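Read through the structures below before going on.
In what follows, subunit A forms one complex with subunit B and a second complex with subunit C.
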Partner chain A sequence: MSENVDTDLPVAAIQSSALSKRAPRDPVSLIGTISLSLIAFAFAFPIAWAALTSLKSTSSVIATRYPLTVWSFFPPHPTLENYVFLFNELKLGRHLLNTAIASSGQVLLVVITSTLAGYAFARLRFPGREGLFALTLLTAFIPLEVILVPLYQVVSGMGLTSTYAALFLPFAAQPFGIYLMRQSFRQIPPELDDAARVDGAGTWRIFWRIAMPNVRPALATLVLIQFIWSWNAYLWPLVIMQDPDKQIVQVMLAGLKGSPNYSLDGPLFAGLTFVTVPLVVMAILLQRYYVRGLMTSGIR
Partner chain B sequence: MNRTPSTARSGTFIASRRSVLLGGASLIAAVAAPGSRVLAASPGSNPGKYKADLGGYIGPKLSDAPMTLRVLRQEFSPEINAPIRAAYTAFKEAYPNITIEEERIPYGDLAKKVQLYVASGSAPDIMMGSTELAPVYSAGKIAVPLNDYFSQDFIQDIYAPLRESATIDGKVMCLAWESNSSFLYFNRDIFKRAGVATPPEVIEMEGGWTADQYINALRAITEKARKSGDQATFGLASSRFGNRGPGSNYSQLESMWVRMMGDPRAPKDSTAYKTFAGISENGQIATGYLDTPEAIKGMTNYQTLFKEDLSPKGIVADQYKGGVAATDFSSMAFANTFRSQGAPFDWGVSPPLRGAIGFASNVADAPFIYSGSPHIPEAAALLAFLLNDTNRRAFYAARGSMPSRQSLTNEMPEYKSDPVNMLAANVAAGAYGPPKSVGWLDYVNAVNPAVKDIALGVDVADRLHTAARQVDRLLVKYR
Partner chain C sequence: MANVNVRKLVKSFGDATVLRGIDVDVRDGEFLSLVGPSGCGKSTLLRMIAGLEPISAGDIVIDGKVVNGLAAKDRDIAMVFQNYALYPHMTVRENMSFALEMRGLSKAEIAASVASAAAILGLEALLDRYPRQMSGGQQQRVAMGRAIVRDPKVFLFDEPLSNLDAKLRVQMRTEIKDLHARLGSTIIYVTHDQLEAMTMADRIVVMRAGVIEQIGTPLDLYDRPGNSFVGSFIGSPAMNLVRCTVAGGDTGPVCVTAGNQILARLPVTKQVAAGATVDVGIRPEDLEVGASGPHAQVVVVEPTGPETQVTASLDGQIVRLVVKGRSSLNRGDKISLRTDSEKLHIFDAETGTRI
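So, the complex of A and B:
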């Protein structure tokens, strides 16, 4: 019995000691945690506020907006009427589908062009390679607004106005994507190529079997960034999509805030919540790959 | 009211196509010649003459060839879109060879889209524009003059200020879609709480408060509110127009503080006349018009609203409708919203404020026909059909806005018996269009920031002089 007592005492002492060692935290780590929490709150707050506001009727949005009270943030009488209106009257589902088609098309095309061009610029030797690459990068510095009229004329001249293809074809090749993939392909040791060639693999086989599996994190980054860009696109769809039924959701939602005299704030917040959620979910799911992709491609 | 046509109204605009192209913010001209068909001789209405009620259309018989007409306008809510869609269906039934493709975009993007379309040389046949841009449409030859396609009766039926705004050198460039001149709305509950008398509830354009009376009332209301610990309620709501807040939209709102201090009946060389005109007769000089002593007095009144905390310096959305502002300026929109959805407080209306004159601006959305359209008569016919009595009644019933044509308001009982509607009609008849200039967008782009600066406290005279000189420089390219 006494032995047991003797044995227990040191264990309790050790546990107590361990607890007391865990208590004092590194102040730098604590400041970091608090700072990150504040930043996360600052970014999440508008989205959460919009989501909560989407559960108010438009008249309630107006009545509780100012001055700020707790009911400015929370719905006094939660309702789903805005979502019903959005899907039944404003056909949000169709517009979401339009946006999904445009985004998918753009992501797919950009992945294809960026990987092929990035691989060529990184691993293949041909005359003018560096010059061509510099020219490609230069296009990143031309804002869409500058080329809007000629781009519209070209796409319109091709008979693509009001087609889904017109939404993403002009952006099929992205200098950022090419740069990202080029950097990633350059990180792969050239000895792998040499070994593959010794084994009889051609350029296409090396690209597909050797290089591509090694740039998966960068690919995830590319997919995420392109999806966000295309999902948030506004100006070009506004210009080229003239059929209201094929218009993307962002332009359709902007139409709800266009007439301040006849407010549709309730449905507007519901729509904004709906289009924000996919981005947030994708960012959370892919953020690990995103960071790794940027690290491995040398873009830090 | 005995009114003298302003310099701006009668102004002749001599601007080269190149100067309009250089206008940047202005719409860019496209090269296009109007159709060359022989026009029908007789003006007036057309019962039985066409396959559908084309209202004021007097153009040639429509072609039987298959064609597509494109229409660009702003997006409305589904119940307001419905009568327009129904009108298209009816038109298509009468003219099966004509297919209508409609493009609806957010209101704030309309001007940008029109600009892009015109610059590309491939624009819809009918586009929603604005009466304030009529000089731009004319100088750039962007729009087809509508006098040859619409009867004089129809054109004369449009409220005179709207018609005059859209008319350049006798040519009607666009047709006002609805009338939305603003008057004063007040929250009776707030006035009652403060023990302040409400403004006159009369229907005459000139029967409202003077600017001084208005500011004094707001002072009393705000002082009372602050003393009782109410920090949220303001005398005047934050602007809902344009960019919102101070300096939001000179065309439609803030210009009233300046132009009400002028007088269109004064001699043309007087500062009172020039203050009202806002710009020289040729539409190219603002110095001596925008910065007169009367204009400085008007903008000092405006500054007082913010200096004395009578109106918020920032943006507060829907402040009046939210019940935390004693007054606001609006068209029939507020009244219709309150009547259809219920008002959260006891509200009333009063005529626009007065300086030397009672002043309200009358900028209105206004469709025009693109000069490059290959189907100008058919486009004019479609526009006339959309604007015929039946389709207009259906639209106004859904939208709740005020008609732009007098005969339509005259036939509506509410415009004979309801004081709010009657005031709206009187304001529509007595409002004034913005100063006419081919560089009007340059003008407002320079003045809006100045108005904001003034609200935030800069020296009024200095800022107006600077803004006027800036406008002069911007308008040089149109000479």
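So, the complex of A and C:
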């Protein structure tokens, strides 16, 4: 069985050869390693700082500000009191759930609209296809701030103010998602469509059984990007969600900053730390796919 | 199984007309090959029969029914593509099952059909592999398996062997021919390789620039090409075409080359007026080194083992001859060419039509 191809082998071989090359390090890769470490540090520092601060009691948050030394960053007496306060008093769980609902709705809708529209733009022949696609892309250049007021009027006119649907419905169609999916559908050889058609499949079945399974990396990228986008949304939920119980976690946390009576800095940092966890989990779960998605869309 | 009739078929892409009135009748159980140079419209014709390309004018009839408006999925036709077009996310088994699933067959029926098709093609050991885990030859075989598992009315092949290496191509040629004999199915087989068409087909359709030049059995086309294009397209090495003028000779009309040499007597059956310009077609194996006859100079000598191909210059025109066995000729040698005038093909120089 000499032709028994094990697709994992080459990758393993490349990795192990990269490892063995590590010993005699040349100056170029040394500089590379140092600059990558600096960049990684620059990105990780604020998050690590917030995470460390979340373990300080509110009094030591204030106390360690002066004098500023390296030790200011570390909690003198690590405690979980901020997290307890966050979940018990500020109902973080409730707000996390709100965000989860908004994000799931957002991701689900965008996946549906992007794949359908992307497939149509990539594969179906209809008059005005290219013009329509160009128009779709143009909408990517309209910032939310510009349409905030009319959007609010439309959504409240529909009687959707303070509903969960209002959080994601206005963003159901995303030009970026449509573009991404169109590009990956276009990379599927058209002969596959022909073969499926001859095999007895109609357009819908070709979309579902042939096209969709071959764009999984792009789909993972889309899910991740939409999830992050929606998880970090702030302005629109702030405007449209007037029921504090249904407010998403980001807006709720931002509210802690301006607390007039007493400082909530400790719980604020705890909350900020906690909400990054789902993003990290999501990124790790999907990285196998989206790295490949970004790579293949670049190479082909 | 079915017969296929193509009637006055026309295809245009915008302003470009790529098929200009194609008429072919494919008989039930026949192996018909479409040959022609790249871009002559073979694939387009095949795709129209499959229902993948709309018809500009004319009719396609399958089993007595006009299918012009019928979608590909309803035509009950199987197609093997040049690049195989296997579904990359499906195993061999799933690739072969797909069409049957689309038809709503039960799991048991599908399993049985896949098993028997796999047995015919020797694919049993590959059933759980993905396309990327197989060699080109294996993928090709799976592509055929995907077609035969359906037991369709007609098989369409679009240059299925052109991505294989020479040795495998010869082997698959034999296998496909054997498969056709066993299944008795109607096959329309597109290739640009005339040798494939010659060796496999019951009949060959020679196309050029969107029109059919000739239809016939392989040996028909070889022995009686209807025009100089078919003459030079069919056969390898290609037929020599020597531009000559017809002149009256002592013993009847003769063909005179550009250098005023008499190439051969005009066959007695051919009626050509003296002074007319003709292309004289001579198969390389009908041309010999002789004691007398028109002079030529050897350009290249290519031994292949059982025979030797000699390329020579006859009054500035290149001619090829195939000599049995070994040859002692060398580049630059002067030779005389001899041919049997009854084996000549005479074509009108202007229209290319056989005289």
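Everything that follows uses one rule, which is that the second predicted complex is superposed on the first by the 265 of 300 C-alpha atoms of A that agree within 3 Å, B and C clash if a C-alpha of one lies under 4 Å from a C-alpha of the other, contacts with A are read in each partner's own complex, and residues count from 1 in each chain.
We adopt the following convention: a residue touches a chain if its C-beta (ideal position, glycine included) is under 8 Å from a C-beta of that chain, and two chains touch if they have at least 3 such contacts.
This one's a predicted model, so the numbers in the text were calculated from it and none came from an experiment.
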| item | value |
| --- | --- |
| Superposition on subunit A - do subunit B and subunit C clash or fit | fit |
| Which of subunit B and subunit C A:90 touches, first, second, both or neither | first |
| First (subunit B), second (subunit C), both or neither touched by A:149 | first |
| Partner chain(s) touched by A:245 [first = subunit B, second = subunit C, both, neither] | neither |
| Partner chain in contact with A:63 - subunit B first, subunit C second, else both or neither | first |
| Which partner reaches more residues of subunit A (counting touched residues only), subunit B or subunit C | B |
| Partner chain in contact with A:255 - subunit B first, subunit C second, else both or neither | first |
| Touched partner set for A:195, first subunit B, second subunit C, both or neither | second |
| Contacts of A:205 with subunit B and subunit C, given as first, second, both or neither | second |
| Minimum C-alpha separation between subunit B and subunit C after superposing on chain A, in Å | 50 |
| Those residues of subunit A which subunit B touches in one complex and subunit C touches in the other | none |
| Footprint of subunit B on subunit A - complex, ascending | 59, 62-63, 65-67, 89-90, 148-149, 152-153, 156, 238-239, 242-244, 251-252, 254-264 |
| Contacting residues of subunit C [partner subunit A, same complex] | 47, 50-52, 71-75, 77-79, 81, 83, 85-89, 98-99, 102-103, 132-135, 138, 146, 150 |
| In the complex with subunit C, residue positions of subunit A that touch it | 3-5, 7, 189, 191-192, 194-202, 205, 209-210, 213-214 |
| Residues of subunit B touching subunit A in the complex | 70, 74-78, 80, 101-109, 113, 116, 119-122, 180, 231-232, 240-241, 316-319, 321-324, 330-331, 333-334, 337, 341-342, 344, 399-400 |
